[in-house]
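One structure, pasted below without further comment.
Going by the order they are written in, the chains are A, B, C and D; count residues from 1 in each one.
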Amino acid sequence: MLRMLLRRMALGAITVAIVSIIIFSGVELLPGDACTAFLEREAKGKLLENCREAQGLNRGPFERYFDWAASAIRGDFGVSANGQKSIAELVGNRLKNSLLLASSSLALGVPLAILLGVITGLWRDRPIDLTLSTIAIFAMTIPEFVSATVLILLFSVWLGWLPGIVLTPAHAPAVEFFPEIILPVIVLTMVMTAHILRMVRSSVIEVMAGDYVQMATLKGVPYWRIVFRHALPNALLPAINVVALTVAWLLGGVVVIEVVFNYPGLGRMIIDSISDRDLPVVQAIALIVATVYVGVNLSADLLTMFANPRLRTLYMRQK
Amino acid sequence: MKMLLTAAAASLMLAGVATAEPSGTFRQAHELGFGAQSSLDPISKGRVFQITEKIMNRLVRPGLDGKPQADLATSWDANEDATVWTFELRDGVTFHDGSTFEAADVVYSLNRVLDPDSDSPARSAVKMITSVEALDDMTVQISLNTPFADMPLQLMDYRLRMLNEGSGDDIATSGNGTGPFMVESFDAEGTTVLVANPDYWEGAPGVARMEVIGIADGQARLQALLGGQIDMERGITAQQQVMLTSSNKFDVQVIPTGNWRGLVFRTDVEPFSDPRVRKAVRMVADRDELVKLVLGGQGVVACDAPVEPNDQYRADIACPQDIEGAKALLAEAGYADGIDVDVHVSTLESTWPTLAVAYQEQAAAAGIRVNVVQMPTDGYWSEVWMKKDVAATRWNERPADQALHEIYLSTARWNESYFKDESFDAMLASARRELDFDSRNAIYQSAQEYLWENGGTLIPYTVTKLIGVSSRVNNLDAVKNDAVRWHMITVD
Amino acid sequence: MTQPVIDIKDVSIGFDGKSGETLHVLRNVDMSVSEGESLGIVGESGSGKSTLALAAMGYLKRGLRLLDGSVSFRGEDMFSRSGPELEKIRGGELALIPQNSGQSLTPTLRIGAQIIEALRLHSSVPPAEYSTKAIELLSQVRLPEPEAILSRFPHELSGGQQQRVAIAMALAGEPHTLLLDEPTTGLDVTTQAHILELLRDIARERSMAMVYVSHDLGAIARVCDRVMVMYAGEVVLDGTTRQVLKAPVHPYARGLLASIPRLADRQLPVALDGRPPAPGGVGVGCSFADRCALSEDRCRAERPELTTLPTGEQVRCYFADRALELSLRGSGVEPAVVRADGEAALSLNTLSISYQQPGLLDRVFGRDAAIVATVDDIQISVARGETLGLVGESGSGKSTILKSVAGLLPPVGGTITVAGGTPLAPMVERRSADHLRRVQLIFQNPDDSLNPRHTVAEILSQPLKLYFGLSGEALERRSAEILDRVRLGAHYLDRLPSQLSGGEKQRVAIARAFAADPDLVLCDEVTSALDVSVQAAVLDLLNELKETQGTTYVFVSHDLAVVKALSDRVAVLYQGRLCEIGPSEQVYSAPSHPYSEVLLGAVLEPDPDVAPVLAADDVVESSPPAAGCPFQRRCPRKIGAICDTDMPPWQETNNGHAIRCHHTIATLTQLQEEDARA
Amino acid sequence: MTLTTADRKYTMFSPVLTVLRDVLARPSGAIGLTLVTAHLVLALISPLIVPYDFKATNSSMMLTGPDMAHWLGTDHMGRDVFTRVLLGGREALLVTGIATPIAVTWGGFMGIFFGLAGGRIDEVMMRIVDAFLSLPWILKMLVLIVTFGTGVEVLIPTLAFFYGIPVIRIARAATHDVIARDFVSAARARGHGRMTIIWRELLPNVLDTLMVEGAMRWSWMLLAFSSLSFLGFGVSPPTPDWGLMIADARGFMSFAPWGVLGPVVALSSLIIGINLTADALAKALGIDRAQKAPV
């Protein structure tokens, strides 16, 4: 078991290393370097010189990569080209906000999606399944920025129940975001639930048509007992990985929602830093998000492996 | 001496001051234009004027009618050739940190601006000052290197705030001033909290607390106003005005101003280094249509001169759209098949994208192919403005002389179009020295015509400002931003 | 006659086809089982036997509808019972033992939990004693270390163990009647024999009524008193086991029996041409009309009724009396003997193959030596035109050897040479074009060995283009020729595999192999996935091709009777080691290697009077012993320590029959004759 | 292309026709396909049938409601919303319509190749694919768009490259399923080379999964494209684009909803159409396991 765990962690580390290589070489390939990109027209003379100095661009590419990677492991991502601020702190705040948004959406969305997925799966092709599935398709296809605007209009402008725009600054502690985060979470949950619901539904349908459910029926096991003890544990296994895969999207992909709600998350920082050509920040974000993604996927794998007896015994024997 | 009287009369008007106990919170947004470099130092590049205007005072401030009015200087007069000015200061005024306001503070504040190392954009407004001395605790004498009749107008500049002597180093975050509100906590990217200054010299302010919140995106600010998260938003578009007036929760103030929006073409960069090209890109604009399209009619056409409509030196130039003329000029300059232009805008100012698209359509007729590029709102003024070749720009109103000096003088810090033209500089200098009003006026007129001929900035209109205000806010002066008496406001 | 336990009257079940019409799966079926009686239901795939069994429990698969008729169990109509009442009966008085218990046990629940669940639902056992009762049940079904099994998960058990757990679970509710849906299909010969004996004993001890559904007449003969033969959703023959198996009066039943290869027979089994009609495809007359040797116009015009004969049998045929004329045993076709001396067509020289390729880490830690090869020390040579049978249970390595010869799995040691002496390259990618053409492989599962997206024409075109570069007109003519040789019309060229029956698909696979005009054809359990009648047809075809083409076969199967029908020489494998090799006559008779003896004993003949001999228990070993005789752990004739330590020598008889055992031939012969007499 | 002997009428496309008929037989397939074809046809002919010039601003008719002259009213610059909605899909469909097949093809081939190759290179490749998937989509897109501009010649390769990467993983999984089948080992045993095995044995079977996956990718790419326009990195004015129109009209939604309604209905109907077709296609090709036949 331990050997398998170590192997998985090694694989995760390799993935993160590859991400760092991809991002570093990606940036290297872009015309000019971090300073010329940032200073653009004013990239000459003393100004360019001390920017290069600050970013340590005078060293060879490999040396720079190893220094950068080594310090990154220690959590020191150097200084941003725009305003020479500590990147670790800048990105740290934004990551905290994005994780807050992601985790609250997951906490609300995943149980809801599983519940609805099971319902539509069990009452397949009945009215409740048809209505919920159509709603899911709509929720999935209407762009988030539209549903976000509609919700702001409804709850903040007309009804005035909830604050529409997030005014809390990036570095504020998580709890201060509370009333303002409700609307963004609702929008995020809508989209995420739609995706997971469809997956859980097809998985439940497949399991309910399985041989062991037929056998349980013919063993005289009452219907609901079959659903909860026999069917659901097997149907919900694949859901774990799907949820893990949405993390990459949740961390940086919800930029549109961040813009509409003025939410200080990673998505907006990505846009700003890339538009400003603040490449050190871009590299840092990529690395941090990749590490979180690998971490979450690793734990998802472990959870699936732990929940699925077939895999667990397979790995036990491998010890 | 005529001026002396008007100053005294104005100070009497101040008598009717609010006496009630300050209560409630007034919330306003600022645009985070300078991103990480925002600061409370009034003369710095990243000053957040929405905060400095509430915590600090000037010597002279614009009255409700726009004329200079007593602020920390109760009265002022000059010698015959207006080269030496003396100001009487207001007695009994204290800074927020308790220290008393006196002449030494004025000397310190003005010298700080004049000091070349401070590299402050406000320097061009007071460059003509050679020395500032305190005659006694309550009198200050300023001598100029040239006769300047409108000197008080210069001191009305929104950046020339009086600081306590020696407080220059930490002013960026402390915000120690004499204004109606004091800084409780400053957070550029988040919410800055100001509290009422009970012993403000004009009387305690009507509101107990003010919040100035950083929201970069214009759309987000509007949604925040509609959602009741902020109480005032300056610069809403005509279309949005329709929305606000339709609900009883909001009022809209319509204030003709000298503020203007436009597109700046850097004259130090190909192809705009050629004056003919510069003229062509500006001739294609149909300014009436732009006023209707972008401002919904709430604006006054301008001919690329930064002088407000009711300024005494305003030159009346006719600048109708001239597509053929522009094409000819372009061909003459060697661009027969037109030019490609990337115009950088952002939603920091809601009207910019609309202006760019409208201009794009009009310019296309003359073979000028415009590509509109959307830039992020955070840090627009520090990363896009005066960096990209062509970008949208925005200026608040200024008296003619100060505007011309600050935007087009070759040595001006904010010469956004990098307009280096000795003859134009000489013209301005002679205008200042000219004592006779008519001849001074003539020089300013020809300066504006000169800009119409070979300036680098397209200024299609000056804006009639629309200010959306929540109905819970009352007695907010319906005047230019610079003249609002913030201590008068109350909220229910 | 006591009131029947299960009484099914005139039941028809069907489903809605694509264009809305109702397709029948069962048509007017009557079935009744009385107290303590065990009824066998026989039929090939698609005959509706499983649907009937499940209908007895009032259960229809999704999409099926009860069209008319009634199903009652001990007087209660199963289709009008409410949910809870049904739940009380199912698993209680009426219990089911499923076909594929591996799939029917919930993967995420431990065995103990699933048995205890049955106890809680249907037994009066107090909760405290649940686990002791569960252990008792598991020992009743003769499972070793029952306590350990309780905490295991279904996937950790072998096929035989899973089936025993399913039986234990059925017995938990002290059932009055047992329904068995092909319980031993897919199990090894010895395991199947043990399970059948277990079922026989249980039914006898508890005088339970039993309904045993199967396509394997041997199993039915062993367990049932009465047999019902079904064809295309209809009951065509119903009588006592002896009547139906010894002297069936329905042409289909006779054909079925004739197509089963027998150990004792020399000739090949009789093949039944054509295939059963798809649901709803039955016309007006008798469903078997177009495949029946006796059919006349009347059979096609009007559907015969189920008439009761004086002997008590019920048959649905107009010419039941003439049915007896059809031969019951052997088609009279002798297996072709092609004796061409000269070089061996194939010789395996000290071949050893291992699945566990030593990984990098193993090699580093020097653990690679410890890995025991899956198949080891195989020394066989096959003459040109000869058919070598390879027999052994699952895990014996017979398919591994074929894969290695075909080049899909490189051996760890030894070489493989074909006629001409040059050894075959281990990896197929590096073999010469000629070698590739001369060795062809046919797979077990017809559905899996044909590309679903290719038509028959495309499937045949590949070998023809690759080896002979045929195209256009010549390609099509050759394809039609080959199809004709496997008795398929040219109109099959445009068909997709999904439009063919199992038998037809296997014929196309054989055609594809013979398109290359090969010297050596490797058959990997080619008939195991087919129905008995279709299997006979394929064996017939292979035999005919051997005669006309003179091809050498290596024929692998776990069914000894099928191997005997076709093979000249037979090799018996256990855990990847060769136990016995020799002409089929010698190997199938004494003296034989103890393992061959166990195998031969466990074979089920479709004859109620023949009883299998259960010599060794059916323990499944995961890997061969490091040293000594491979069969040491289960050998009933084990001498002692010598069997554990050293590899037994080859004992030769005069006519090429060799046995690898520490016993000499003489002692083996003597011991086995004594047991035969006892 | 005709596969076998000359006179055989059988062509590569007869299975496509049967699948098409099967998709149309299903209600979801019928609705989906009609929506998609309607959008494609509209995108092709819209420049000819459009009532107004999409660029023509008109300061006297700003934010006017739907009426006979302007069926969907006018936007904040007096331009006809109906015209812009009709034209709005062109660039989106052009870019995603080209990028999706490219993504599915190159992703598919890479997936099949690594699925077949296995061993060390497959392991390394999967790590690289994982690495790319761990980056947020906006970051991947913007690094290229901001550097090389938002022209069609940049958007298509960027979308095609980044949306091809997840396809590798799916194609590889599909390949592993097919490799386990005997007919692939039969082909190898016969001595066919690796390329022929990929082309004749693997591709036809993996193609079905890729087609369904391709449809799904297309709908997500459309959403991404409109989000890019919304953020100002997609289509640059004056070309009409649904994402951009929604972004501009968002501010006036409370009193001029038609400005947003038009593009939203257009965009969502297209994406829903694609999703429904994909579902029906999956069922027609028997990939959707939940649809097993009753017997």
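Methods note: a contact is a pair of C-beta atoms (placed from the backbone, for glycine too) under 8 Å apart; a residue touches a chain by one contact, two chains touch by 3 or more.
All values derive from a computational prediction rather than experimental measurement.
Participant: Need the graph distance between chain B and chain C over the touch network, please.
Facilitator: 2
Participant: Considering only chains that satisfy the touch condition with chain B, which of them also satisfy it with chain D?
Facilitator: A
Participant: Between A-D and A-C, name the chain pair that shares the greater number of C-beta pairs in contact.
Facilitator: Most contacts of the two pairs: A-D.
Participant: At what distance in angstrom does the C-alpha mean of chain D lie from that of chain A?
Facilitator: Distance between chain centres, rounded to whole Å: 23 Å.
Participant: From the mean C-alpha coordinate of chain A to that of chain C, what's the distance rounded to whole Å?
Facilitator: Averaging C-alpha atoms per chain gives centres 51 Å apart.
Participant: Centre to centre, by mean C-alpha position, how many angstrom separate chain C and chain D?
Facilitator: Distance between chain centres: 48 Å.
Participant: On a C-alpha centroid basis, what's the spacing between chain A and chain B, in Å?
Facilitator: 43
Participant: Residues of chain C that touch two or more other chains: which are they?
Facilitator: 61-62, in rising order.
Participant: Would you mind listing the residues of chain B that make contact with two or more other chains?
Facilitator: Expected reply: 226.
Participant: For chain A, which residues are shared contacts with two or more other chains?
Facilitator: Touching at least two other chains: 157, 209, 259, 271, 275.
Participant: Which of the chains touch, listed as pairs?
Facilitator: A-B, A-C, A-D, B-D, C-D
Participant: Which residues of chain B touch chain D in their complex?
Facilitator: So the residues of chain B in touch with chain D come to 219, 222, 226, 237, 239-240, 242-243, 246, 289, 292-293, 296, 350, 353-354, 356-358, 360-361, 364, 371-374.
Participant: Going by the contact rule set out above, which residues of chain D touch chain C in the complex?
Facilitator: For this pair, the touching residues of chain D are 3-8, 10, 15, 181-183, 185-192, 194, 200-201, 204-205, 293-295.
Participant: Which residues of chain C touch chain A in their complex?
Facilitator: These residues of chain C touch chain A: 54, 57, 59, 61-62, 83-84, 86-92, 95-96, 98, 100, 103-109, 117-118, 121-122, 153, 155-156, 169, 173.
Participant: Considering only the defined contacts, which chain D positions touch chain A in the complex?
Facilitator: 127-128, 130-139, 142-143, 146-147, 219, 223, 226-227, 230-231, 243, 246-247, 250, 253-254, 260, 264, 267-268, 271-272, 275-276, 288-290, 292
Participant: So in the complex, which bits of chain C are touching chain D?
Facilitator: Going by the criterion above, the answer is residues 15, 25, 61-64, 279, 406-408, 428-429, 431, 433, 436-437, 439-441, 443-445, 448-455, 457-458, 461-463, 466, 471-473, 475-476, 493-494, 512, 516.
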